[in-house]
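Below, each structure is written out as structure tokens.
Two complexes come next, and they have one chain in common, chain A, joined by chain B in the first and chain C in the second.
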Partner chain A sequence: MASVVGTFTLDPRARKAAAKRRTRGEGATAWAFVSPSVLIILGLSVIPVLWSLLLSFQANDLVSPSRWVGLANYKALAADPAFASAVQHTLVYTALYVPLSVVGGLAIALMLDRPIRLISLYRTLVFVPFVVSAAAQGVLFSFVLDPEFGAANSVLHALGLPAQGFFSDPGQALYLLVAISLWSGTGFCVIVYLAALQGVPDELVEAARIDGAGRAGVLRHVVLPTLTPVTIFLVLFQTINALQVFDLVFVTTKGGPLGSTTVIVYFIWEKAFKSFTAGYSAAAAYALAIALLVAGLALQLYQRRRTGKALR
Partner chain B sequence: MSSPTRRDILRAAAVLAAAGTLGACGKSDEDEAGGVVTVDLWHGQTDTGKAAIDALIKEFNRTHPNIKVEGGGGGVTADSMLQKVTAGLAAGSFPDIAYIFGSDLASMTRSPQVADLTSALGDRLKDYWPAAKDAVTVKDKIRAAPALLDSLCLVYNKKLFAAAGLPLPKAGWTWDEFVTTAQKLANPAKGIFGTGWPGVGDEDTVWRLWPMIWDLGGDVVSEDGKTVAFDKVGEQALGTLDRLRTDKSLYVDPKPGGEQLYQVFLGGRMGMVATGPWELPDVIDAGLEYGVAPLPSYSGKPVTISGPDTWTVFDNGSARVKAATEFVTWLMEPKQDVRWDLEGGSLPLSTTTAAMPEWKKHAASTTGLQVFVDALQTARVRPTIAAYPQISEHLGEAIVAVLLGKKSPADALKECVDQSNAVLAVPN
Partner chain C sequence: MKTKSLPFSPWHLVLAPLAILFALPLLWLLVSSVMSNAEINRFPPALIPAGINLDGYRFVLGNALFPRWFVNSLIVSSVAVTANLVLGSLGGYAFARMRFAGSKLLLGLMLATMVIPFQLTMIPTFLVMKELGLIDTLGALIIPSLVTPFSVFLFRQFFVSLPRELEEAAWLDGCGRLRILISVVLPLARPALSTVAVLTFLSTWNDLTWPLIAINHDTNYTLQLGLTTFQGQHHTQWAAVMAGNVITVLPVLLGFLLAQKAFIRSLASTGLKG
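Our next item is the complex of A and B:
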């Protein structure tokens, strides 16, 4: 018996040595294997993030030696009317884009969540605009919306309506950008909601029906609560997208006319690569990053409190 | 001695791979073996310009065995070169020569990496046009070699003039005549415009206004460089644009890049457009019956603007600076210059080139090209000061505000003057 046990027991010293060999040998090998990706992550993500944080405390024009200025960039940012209007434009854009794309996406998803003929074709068509890159959308719509030669004004003319300035009109440009983003961004919400709708338990819907709930009642008390986690995800995802909008602006209006579509990221680009005030630009980028972080944390917190309540 | 295990080999391979990744980040200052110096050139040219510069590079490499110019182009067009080179300077990895717009040169020279070409080019620039010389001179030092020379003149569509029964534009005509002519040419119902202006507010919007300002006795900045010098006359210049707008004879190009403005002209829907000689090949391709006239003025005296581009040399070690300088001076020689002018669309950089039979033949066979060359006599350039891009930005916004009818010329100018003076008040 003792001998049997003995075969299963290792000498403690031998075990220690084996562990040491393992940490030294396999640990080093493991690090050797992961080191390329560690270097890439450090080099392309972590170091630039830290470097731009340092940059935001400097006066730097990218070409001549930089100078430490402490919080001066952030103070200037708080007082800059151009930044204030960039923030305002971004908030208007976000406040319109996020609710409209999520609610619109839900509405279309509910419409497409039924067995009708050619349903997959409709679903594909709704998703197609999302696949088109923002740059291509920008080019496409600046042709359609050209004030002099565009198709949109021809249609208005045929209907007897006055021609519009579109991207040449400071009062319209930002709302047009929202409309173009909705054209493509809603498709994403539709697909996500469609997937989530397949997860609504049939027996719950059936039970609600038996209890006398109408279509509105089922939607209000069964479908929407089931979709809440997906809705929170979509709100967060679309908010991040909206706060970071840049490519569409760059292709269509370049922040104009008269600065009416200068959003935060375009402001950052302009400060870094047109005025060459890289430090100031980095400060603006960090202000945006903090705003994104706060938005993310707030939604996370809300989600947690909600699930906590549900468990209780 | 045991043979290395598979693990050892893998470990060594991983270390080598990591070292390779790191090594690639640095750049080597060493010249290549055999004494051949490699010169990295970011030319930013496309189509015909690229073909022309590629042919010249090939010729240079053939005749200069100790230097190898690599015309990679930098992966961007000339429009984005400033951003690309600035990012490169910040990262410490920049070309030896880059194609930099004249209006950007002054802010570029804040970098200590921009080579000083005063001693190399000082004597050579004597018989070059004043515009070419002024554009590369920053604070009395020559900081680049002239790369491309142009001047702003008026190209007009003869057919539209004939249809409207109007006399053709001629030298010495005034902005008043221009405005009335534009109004008569325009036919909004048919989608025909008198003339056009880029409406994005970038440099393309702004540079067309300077000849008007200069003609009225104004300037970009005052003699001492402390205030702008267009505060008194700017309103009149902007007023001319405002008249074109209220007459509905002006096409305002809403798209960045200004391409559409020329598309409208090439499509036969615009009577006159102010442009450089680089637009002529497209006009000829479009089969348009066109003519070229000098820009109008208020005083009747000829004045225009030239927007020269430059070959800016960067310091990657003395051997490479020397080789790069050799290349750009070789490019400026009349023999090469004339090839570049014929194939790449520049005006001759020097009077010597302009007198060459090849150029004369080319100018004679291209309608209106000589008008652009003659305009060089009175062409001025924007000042090479670091604050210029910011002044341009503010003036660009003022012009767009007037073009869109959002502000009166007086209000737009006042705001722009205040903002620009604030920029100039910052000591540099």
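Our next item is the complex of A and C:
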């Protein structure tokens, strides 16, 4: 391709001038290209975000006109024990899911990063649950964990162990949701780490080996530091996903039993579309959004300080 | 493929059980979908079926609604994929190559919208769709997914990385921007096209939250929403529910197995560029 381009004997300055002439009158074409995207994306994000903010200061039932209530929604939210427990469940879920999926993903990626037979089959099998929808996962595990007809109790029975209540047991349900999410979500960390491991420079590993570093030394001083930006991304990505968990909860437990799996987004959905208190729901959504923003900024800051230190 | 040169590694002893652990639930999904209800309903339930029983599939496909949900999902996903490819590449090309007033600001604004969580926009989006009279139609599902900032940005990044010289020949021949985009740039943009197609298909096909909010009547359900309610209504007919579940998962699974490289590259790239 380059040789074809090279055959043009045009003076580069003339070419640049021609290019400039062409780009100048292009505003209309450019706008025609971007306006559908701009209209849809900004129209369905910027306007709703501001509208949500407005809603959070109003009482709204999705049907009749809104009524201004000031900070009442936020005050009620701060005092609502149901919201407090939704926050607590979400934090427990996140605190378990994020480290386990990221560390587990790293461990599995390191194991899968070797040229042995069947390795691509292993990789495929570890990753494939990730493409299965949360709805399908939920329906599948509702069956597997069905106290009466499920395979899980069947296996426990065969092993001589007592049958479990699973999703009907308030002490187990939230942890089962974490386990199902780990089954489907760890594969994502694995493939991101596997891709990143290809980027670890061989020379660096060689150099460390020559300097007498063992396997653990190479891992600790060469591989892990190279992977740090990817780890930060994964922690952020998994945290954002975990704080917003909803589909799986909706399909399996509907927030139960006894409210033991009501997470923040389930709370938001319920308030808006079940009890029709959209203003209250919007206030809860804003509280969550601010938490997400803080989590994102904190990680960004951490990354910047780290790279800053490295440069110094 | 012959990999004879590779010796047996002790790692198989760890990796094989691990891989089976990940595969087992999906294997169980497939197995239980061909069980008879008698096998499932006895205690303890059978773990290996006596034979292949297609009653579950018969029940699901004989149900008037299930095929309809499949078609609904197919319509929403294919329109979303097509629209993201067309609108995303147009927008991405303009941001990558063309100068126009406010382009930097606009691109920044679009990027900023990527961090907005869905919960913040869902109630107003519902109200907008209600005003437009689109609630309880596939239109309400399609419009918000026509183009994502991610698609625009991904195309823009890809186009920026292409050498400008490739387009100059066509340019000097007097081709317009649209012509250049279609016949010079897009044929080179297969990785970007496949990434956008894969990610859009995955997110629209698998979505449950928005259909749950925007759709009321069961004839307008998508497959995910339909499967969820189907389970609620027929929770004693697990074979049928699992058959429905197989049908729900199959398009994504087949797509993944057929285009595994594109899937993995697409998904891994979201991490490496992030």
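Here is the rule we go by: the second predicted complex is superposed on the first by the 279 of 312 C-alpha atoms of A that agree within 3 Å, B and C clash if a C-alpha of one lies under 4 Å from a C-alpha of the other, contacts with A are read in each partner's own complex, and residues count from 1 in each chain.
We adopt the following convention: contacts are C-beta pairs under 8 Å (C-beta built on N, C-alpha and C of every residue); 3 or more make two chains touch, one makes a residue touch a chain.
None of the values given here were measured: they were computed from a predicted structure.
**Student:** After the chain A overlay, clash or fit between chain B and chain C?
**Tutor:** clash
**Student:** Quick one: classify A:61 as touching chain B (first), chain C (second), both or neither.
**Tutor:** first
**Student:** Quick check on the superposed pair: does A:116 touch chain B, chain C, both, or neither? Answer first, second, both or neither.
**Tutor:** second
**Student:** If we overlay the two complexes on their shared chain A, which of chain B and chain C does A:273 touch? Say first, second, both or neither.
**Tutor:** Both partners, chain B and chain C.
**Student:** Determine, for the superposed model, which of the two partners chain B and chain C contacts more residues of chain A.
**Tutor:** C
**Student:** Looking at A:258, would you say it contacts chain B, chain C, both, or neither? Reply first, second, both or neither.
**Tutor:** A:258: touches chain B, not chain C.
**Student:** Classify the contacts of A:29 with the two partner chains as first (chain B alone), second (chain C alone), both, or neither.
**Tutor:** A:29 contacts both chain B and chain C.
**Student:** Between chain B (first) and chain C (second), which does A:52 come into contact with in this model arrangement: first, second, both, or neither?
**Tutor:** Second partner only.
**Student:** Looking at the overlay, what does A:159 touch: chain B (first), chain C (second), both, or neither?
**Tutor:** A:159 contacts neither chain B nor chain C.
**Student:** Identify the partner contact of A:170: answer first if only chain B is touched, second if only chain C is, both if each is, neither if none is.
**Tutor:** Once the two structures are laid over each other on A, A:170 reaches chain B alone.
**Student:** One more residue to check, A:216. First (chain B), second (chain C), both or neither?
**Tutor:** So A:216 meets neither chain B nor chain C here.
**Student:** After superposing on chain A, which of these stretches of chain B ends up overlapping chain C: 96-104, 240-248, 258-266 or 384-392?
**Tutor:** So the stretch of chain B colliding with chain C after superposition is 258-266.
**Student:** Go through chain A and flag every residue that touches chain B in one model and chain C in the other.
**Tutor:** Residues 29, 33, 36, 40, 62, 142, 146, 148-149, 273, 278, which sit in both footprints.
**Student:** Enumerate the contact residues on chain C facing chain A in the complex.
**Tutor:** Chain C residues touching chain A: 3, 6, 8-9, 11-12, 14-16, 18-20, 22-23, 25-26, 28-29, 32, 40-41, 43-45, 47, 87-88, 90-91, 93-95, 98-101, 103, 106, 109-110, 113, 115-128, 130, 143-144, 146-149, 152, 165-166, 168-169, 171-172, 176-178, 202, 205-209, 212-213, 224-225, 227-228, 231, 235, 238, 241-242, 245, 248-249, 252-253, 256-257, 260, 263-264, 267-272, 274.
**Student:** Which positions of chain A touch chain B when the two form their complex?
**Tutor:** Touch residues, chain A against chain B: 25, 28-29, 32-33, 35-36, 39-40, 43, 61-64, 142, 146-149, 165-170, 253-254, 256-259, 273-276, 278.
**Student:** Which residues of chain B touch chain A once you look at their complex with the stated criterion?
**Tutor:** Those residues of chain B that touch chain A are 7, 10-11, 14-15, 17-18, 21-22, 25, 82-83, 86-87, 89-90, 107-108, 110-113, 191, 199-202, 251-252, 254-256, 260, 264, 389-390, 393, 397, 400-401, 404, 406.
**Student:** Can you list the chain A residues touching chain C in their complex?
**Tutor:** Interface residues on the chain A side: 1-2, 4-5, 8, 10, 15, 18-19, 22-24, 26-27, 29-31, 33-34, 36-38, 40-42, 44-49, 51-52, 55, 62, 108, 111-112, 114-119, 121-122, 124-136, 138-144, 146, 148-151, 153-155, 157-158, 183, 187-188, 191-192, 194-196, 199, 230, 233-234, 236-237, 240, 244, 246-247, 250-251, 265, 268-269, 272-273, 278, 281-282, 285-286, 288-289, 292-293, 296.
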